[in-house]
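One structure is given below, represented as structure tokens, and several questions about it will come after.
Read from first to last, the chains carry the letters A, B, C and D; within each, the first residue is number 1.
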Amino acid sequence: MTDHTMTHEHTGVAAGSDHSHHGYITDKDKYLNRLKRIEGQARGIHKMVEDEKYCIDILTQISALTSALEAVALGLLDDHLRHCVVDAAKLGGPDAEAKITEASQAIARFVR
Amino acid sequence: MTDHTMTHEHTGVAAGSDHSHHGYITDKDKYLNRLKRIEGQARGIHKMVEDEKYCIDILTQISALTSALEAVALGLLDDHLRHCVVDAAKLGGPDAEAKITEASQAIARFVR
Amino acid sequence: MTDHTMTHEHTGVAAGSDHSHHGYITDKDKYLNRLKRIEGQARGIHKMVEDEKYCIDILTQISALTSALEAVALGLLDDHLRHCVVDAAKLGGPDAEAKITEASQAIARFVR
Amino acid sequence: MTDHTMTHEHTGVAAGSDHSHHGYITDKDKYLNRLKRIEGQARGIHKMVEDEKYCIDILTQISALTSALEAVALGLLDDHLRHCVVDAAKLGGPDAEAKITEASQAIARFVR
């Protein structure tokens, strides 16, 4: 993981502030709820293996979890393109190029 | 989820027995450890969104988690083919056919 | 590519014989028709790039082609499990083990 | 398929003109060569099924073809982000939003 966020941490100056550091996540609560559910799904799969449930049923739950994760990733990626990439594009220059390269690499990790 | 496991529950007769009901998972502890780590990864991603970490870094963690889940699924599927499907194949008949169909459908859910 | 088929070539002894060497493909004509269509799709995508059609439309055609290929792969894999793997399972021994390992590796190549 | 390209056809007015209609494909010949090879791979798979080659070998070739297609798709998508999306972002407005939505949907078709 990179430390892209480092410089941004300083912006959260107000005590108790929970405002958006990156500010690109359009509906943070929606993501937090989905990720809470994903944690529960992961815990459920652990329990199924512990209880030695039927293999195919475990696989069904794993593919449901994988789909839920992909939906979160696609949502975050859309937000990222819509905000970070668009903002960089407006400024132009090598920074815009770098943002696109970074986004393309992230996409490739999900496709391959 | 189906109730395939129902008839198998009866086989775990001995008190305190934690022996394998389905008996097809070759290295249960390995899976339990991996799934514990997966739960931790899911929790870490929730925290990253809460802290509004850089989007691309979150995506990197989600793709790592997806890969970890796929590795577990492929391991379980291999165990399933090696035990349940092979056993059914030896007996033959419609049950063997049904097991293959079920396995193929599980595979399709991961490929598509 | 391996030369698994080598020993099988000898079995097609009768002149003009077009019988199945591997005999596991349940509906060969269906696959041949689908693959003819897939060749046409590939040719169409080449033409779209040549004519510099709109990028998103080209991507739509590529994902349609990828789905068509996955459907063929899943069909062949099902046939393979249903015939080669089941036959090996009935005989048992290291050959059965090797067939499962080989099938699992083929599945992994489509999932990852 | 949409008819986005319709209005662009008119721009290729000069006889023998092979200039880029969309102009976003950075290395058209590279893509045309890759797609020629992909057509050849599709033809080869058809031949393998016709000759009833070993199923696992056919699956290996299908996954190689799928990977080749994904590489083309990722390349085109990168070009698309780098040109069409960046240009739309600079202009801003609903058109920029629509371009991002369209790109996200194209990405989703490859991930799911």
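By definition in this document, a residue touches a chain if its C-beta (ideal position, glycine included) is under 8 Å from a C-beta of that chain, and two chains touch if they have at least 3 such contacts.
What you see is a predicted model; the values in this text were computed from it and never measured.
Subunit A and subunit C have CA centres that are 35 Å apart. Centre-to-centre spacing of subunit A and subunit B amounts to 23 Å, using the average Cα coordinate of each chain. Among all residues of subunit C, those that touch two or more other chains are 70, 73, 77, 103, 110, 112. If each chain is drawn as a node and touching chains are joined, the picture is one closed loop, every chain linked to exactly two others.
Shown are all chain pairs that touch, namely A-B, A-D, B-C, C-D.
Of all the residues in subunit A, the ones that touch subunit B in their complex are 1-2, 4-5, 8, 20-25, 28, 31-32, 35-36, 38-39, 42-43, 45-46, 49-63, 65-66, 69-70, 72-73, 76-77, 79-80, 84, 102-103, 106, 109-110.
Per the touch definition, subunit A reaches subunit D in the complex via residues 67, 70, 73-74, 77-78, 81-82, 85-86, 89-90, 92, 96-97, 100-101, 103-104, 107-108, 110-112.
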